[in-house]
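In the two assemblies presented below, chain A is common to both, partnered first by chain B and then by chain C.
On to the complex of A and B.
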């Protein structure tokens, strides 16, 4: 893949809108006060008081579900942070790719549930149907910000951000766009909280979004843009069960080779869960500092990779960092990112 | 650069690809009484089901995907154990039908991704990427698959798609139609809306030039390019301008002219908005360049197969190229006023025209994918 540069970014977590994800646990809120439904946990690191209307106004935002509201807001903030001018000359060349698990699990489930429990004719609201389609957030972000380039949604759970980065690299390399917004999003809802609990995963359920403005590293960039990081290489692979660790180590070696970076240059490893660290350290041959998103922000699923990168950029990453990801069905991924020199 | 399609497999309500094409040529296939939910309450009384038993069985979409991927690999004689094979899956609804069973124990969230289903067909397949781009997902998957083989990310890519109808989607189409639709009539003046289909498809593609002579049979078609665009206009209503941009992007990428196209496999959903909008875009881009393509579409016979739609059309296009016959638009009687000057194929099959074949696929979110093919 071609190398990418990040020329702007924004994230939304419990730390706030546009605030970098901190390198410390996010504050937990009493989620039992926020939802009528029963929950498997009393508190979780969710964003309270987020109101999409405060950022995007009332018009057109009424039908947004939370995932769409978070992602669409973050896309706008990232465009601003990167000083991306969206006008009739540029909008056809600006694309969006978002990573997701199932879109808004809540929208999908509630809509489906309505079809089962409402009296006849099923009183489902056709205006809300688009929320159940998993590319809703990407489509709404394009509508809101007038972005007419390639628009895609990659469904890969915790691996989705790595896959979205590769999708963006491909779209830029093949000339589908000049600028891509690459992001990922996950919303907190009782649906996800129960899913996390049913899967017996440790820690609370989290939420958040991060969106990055990326361009080709080897092409002329927009005037006035500032490189905040370089994405040197991204690789994904697969390993069943015990083979997942070897597959992840293999991915790490692959990105080092592709990027032309020595293992000694890697100063930090951002992992989705703590188990990714050992295979990564084995491949590197040393033990750099570890940042683990699930320990700091809860189980953020598809948002994990973007929040990892945000956490690294927020601390003014020096040197090269490795971002790893792993899914429960054996998918693994690695990305190498260099901070500004 | 271009890619070749070596082999494929398709499943629709009418059966496999051969059975589907035979029924399309006969022109009389239609929907059956709806087997999902309560038709009276949904206000949807008919559909195009894959006849494989109880529609409330979870993971039907995954099962179809496994079957099509296996058959496509066999047909193309590509062995994932001996060569680097990746898979791109397009889907609009993924396993939402399983989620609708409302039993979290039955639906582990990781099974909503299709890696599991693909590896049941071929455990050696490396990367599995699921593109969830509504009803143009298959077209977007095809674009990515071509890029991957041409850039050398994989030696071969299985481009696949799968979708099973869901109760929530049925409820939605029931709510937007004035009265229950009896059948899909693409481009008809009296069209009353869409009915859902379901199924899966998979095709193996390789970069042109990497095609080894020992691979069985000749390539089925050359994939020139897929143009992509986003309307950024409305979540559900299509835009002729946005669709036109995807068409122009496809011709630009392929280095070809719109007038070179002889056959269009239209998206043609039989809805109030899609059909006139698609006609306008075809006129703006193809007719304006001096083209006069023959236009057909499949949704009157197999319903709207959601994220599979582009690949359902692809299979029919490959058979048009191979057999020299184009099936008519099932369900079309009187063309809509906006299509009067277009060559919409009514009634009887026609000989396959020379030139390029254009496949249209448009989805919610204003996401458009237009693919160009030709004889290899």
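On to the complex of A and C.
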């Protein structure tokens, strides 16, 4: 693949709007004070006091759910950070691809709930219907920021950010777009918190978003844009059941080969969960520093990959980092990123 | 760069499962609409939809255990298995990692979502079943296909609502065209669900009995379901193994209205058509048939017709909507459209717009292929898909020259 570069980015976590995710635990908040519903935990590293109107104004934001508000705000911040000018000459060539698991679990389930608990099953709010569709955040980000280019939503769960990078790379290489906003988002809700608990996964449930301005590394890049990181290669694959670990190791070897990078140059491995490290280290032949943001930010599902990259860039990553991901059901991915030298 | 061809088709629809049944249904103008049984419709004024009755995944699936997968994943996996069988797919001898799956959807595992929601309502959040929660993530639609067929390449679910199959076909086409894959299974799947039925009703977009696209008196969609998957491969790969070739994927186009979450935009849709035609190297005059998005809502069909006249001029090719027969199958819709488009090329007939009685004076010169399938020599078809979020996606297919 053609090399890609990141020329601006922004993330939103409990650390703040536009603050790089830190390589330390995010502050926990008393979620029992924030939600009316019962929760399986008293505290979790969620955003408190985030108000989309403070960033995007009142108009048009009233119907946003939390995931849409987070992603749409982060898209705006990323455009600013990358000095991307959106005007009638450029808007058709600027695209968005966002990663999710199911969109907003809460919006969809609450909508479905209304068909059961209202006096009539059809007494649902038509204005909120689009929030039940998984492309809501990407569509609203396009509306808010006037982006008429390729607009896509990948439902990859923990693999979503890698898949979004792959999708964006294709759109850029094929010449469908000049600039892609590549991001991922997950909101905290009672639904997700109970889902994490039911799966007996460690730690609290988290939330956040990260959005990156991605362009081609070659002459197609916007003049004057500043390279903040190079995305050297991204690969995703599938290995069912016992084949998943080997499939992940295979992705690692493939990105090394495609990037023309030796395993020895990899100085950090950011994994989605702890089980990814062994197959990655096996493929690399050594054991670089491990970063696992789910241990610091709670289970962030689809947002994990983007937050991992944000955390690496935030500490001014030197050298090459490997980012790995996998779904429970056999999807695997690897990406190689070089920080600013 | 490698040319990309279609060598296998897998429809699971309310008018038939498998290519012969589905083709017979389209040719006969059969309606797949019936009273919905998947959920309790008694409280709804409108009760009909395009459900797939007697769906028996265990009869087709070889590797997956259906009970471990949600209904939409089952649709996807069965449709993919049918396409693989139809196309004579045999990964033995191929380099590993060169075959994958890209599946589009609007609502993913919506039936699972509704079952979980009932558990929340009945017993509270801690009553959600861990087994159902595991089935919820939408990435499982693509993974079901990969697991069923033993694919080790990319396994991607694209959740771009009602044009998602066209997104999937487009991305799969790119992977083959750019030499990154040899074979890709692409299309979409969705299931009829209560919340979408309610939502469309409250938007005023749900009709009562029959969907009547492009008719003056059309009054909305009927929700439908199913799986529609195409086997795409490089021309060279297909020729090497002596595969039957249905049609060539000429290209596709995407854009975003960036205007309104649910209202379509004629200028933006016309732009998307031009982009798709340019990417495919096709002139408007070369398009023989348009397989319409054609939802049957007053707004969609007016906007779609306006865009067609803008791009094709005063005498556009015939434009029909198979949603008149199978309802709006959401993320599978443009996958079914693609299969219909390929039948038009390979079998030489245009599927009809059924339930049509009265021309709309706003687009009187549009030929909706009313009520009866038509024999036609078709070289190039444009397959339209539009969606909430302004996600427009159009694919073009052609006879292999």
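Throughout what follows, the second predicted complex is superposed on the first by the 339 of 341 C-alpha atoms of A that agree within 3 Å, B and C clash if a C-alpha of one lies under 4 Å from a C-alpha of the other, contacts with A are read in each partner's own complex, and residues count from 1 in each chain.
Quick note on the criterion: a contact is a pair of C-beta atoms (placed from the backbone, for glycine too) under 8 Å apart; a residue touches a chain by one contact, two chains touch by 3 or more.
Because the structure is a prediction, the values reported are computed rather than measured.
A.B. asks: Using the superposition on chain A, decide if chain B and chain C clash or fit.
C.D. replies: After superposition on chain A, which the two structures share, chain B runs into chain C.
A.B. asks: Output check: A:56 vs chain B and chain C. Expected answer is one of first, second, both, neither. What do you get?
C.D. replies: Neither partner.
A.B. asks: Identify the partner contact of A:250: answer first if only chain B is touched, second if only chain C is, both if each is, neither if none is.
C.D. replies: second
A.B. asks: With the two structures laid over each other on chain A, which partner does A:37 touch: chain B (first), chain C (second), both, or neither?
C.D. replies: In the superposition, A:37 touches chain C alone.
A.B. asks: Touch check for A:199: first (chain B), second (chain C), both, or neither?
C.D. replies: Both chain B and chain C are touched by A:199.
A.B. asks: Have a look at where A:190 lands relative to chain B and chain C in the superposition and call it first, second, both or neither.
C.D. replies: A:190 sits against chain C, while chain B stays out of touch.
A.B. asks: Should A:150 be classified as contacting the first partner (chain B), the second (chain C), both, or neither?
C.D. replies: both
A.B. asks: Does chain B (first) or chain C (second) touch A:4, or do both, or does neither?
C.D. replies: Touch status of A:4: no partner.
A.B. asks: Once the complexes are superposed, what residues of chain A are shared between the chain B interface and the chain C interface?
C.D. replies: 91-92, 95-96, 100-103, 108-109, 111-116, 120-122, 124-126, 129-130, 132-136, 138-140, 142-143, 145-157, 163, 167, 170, 173-174, 176, 194-195, 198-199, 236-238, 240, 327-331
A.B. asks: Okay, in this complex, where on chain A does chain B touch?
C.D. replies: 1, 91-92, 95-96, 100-103, 108-109, 111-116, 120-122, 124-126, 129-130, 132-136, 138-140, 142-143, 145-157, 163, 167, 170, 173-176, 194-195, 198-199, 236-238, 240, 327-331
A.B. asks: Flag every residue of chain A that touches chain C in the complex, lowest number first.
C.D. replies: Result: residues 37-38, 40, 91-92, 95-96, 100-103, 105, 108-109, 111-117, 120-126, 129-130, 132-136, 138-140, 142-143, 145-157, 159-160, 163, 166-167, 170, 173-174, 176, 190-191, 194-195, 197-199, 236-240, 243, 247, 250, 327-331 of chain A touch chain C.
A.B. asks: Taking the touch rule as given, give the residues of chain C at its contact with chain A in the complex, in rising order.
C.D. replies: Residues 40, 43-45, 97, 100-101, 105-109, 113-114, 116-118, 120-121, 124-126, 128-130, 133-134, 136-143, 146-147, 150-161, 167, 171, 174-175, 178, 193-196, 198-204, 254-262, 268, 271, 279, 387-391.
A.B. asks: Under the definition above, what is the set of chain B residues touching chain A in their complex?
C.D. replies: So the residues of chain B in touch with chain A come to 37-38, 40-43, 91-94, 96, 99-100, 102, 104-105, 108-113, 115-116, 119, 123, 126-134, 140, 144, 147-148, 151, 153, 166-172, 174-176, 228-236, 242, 245, 249, 253, 363-367.
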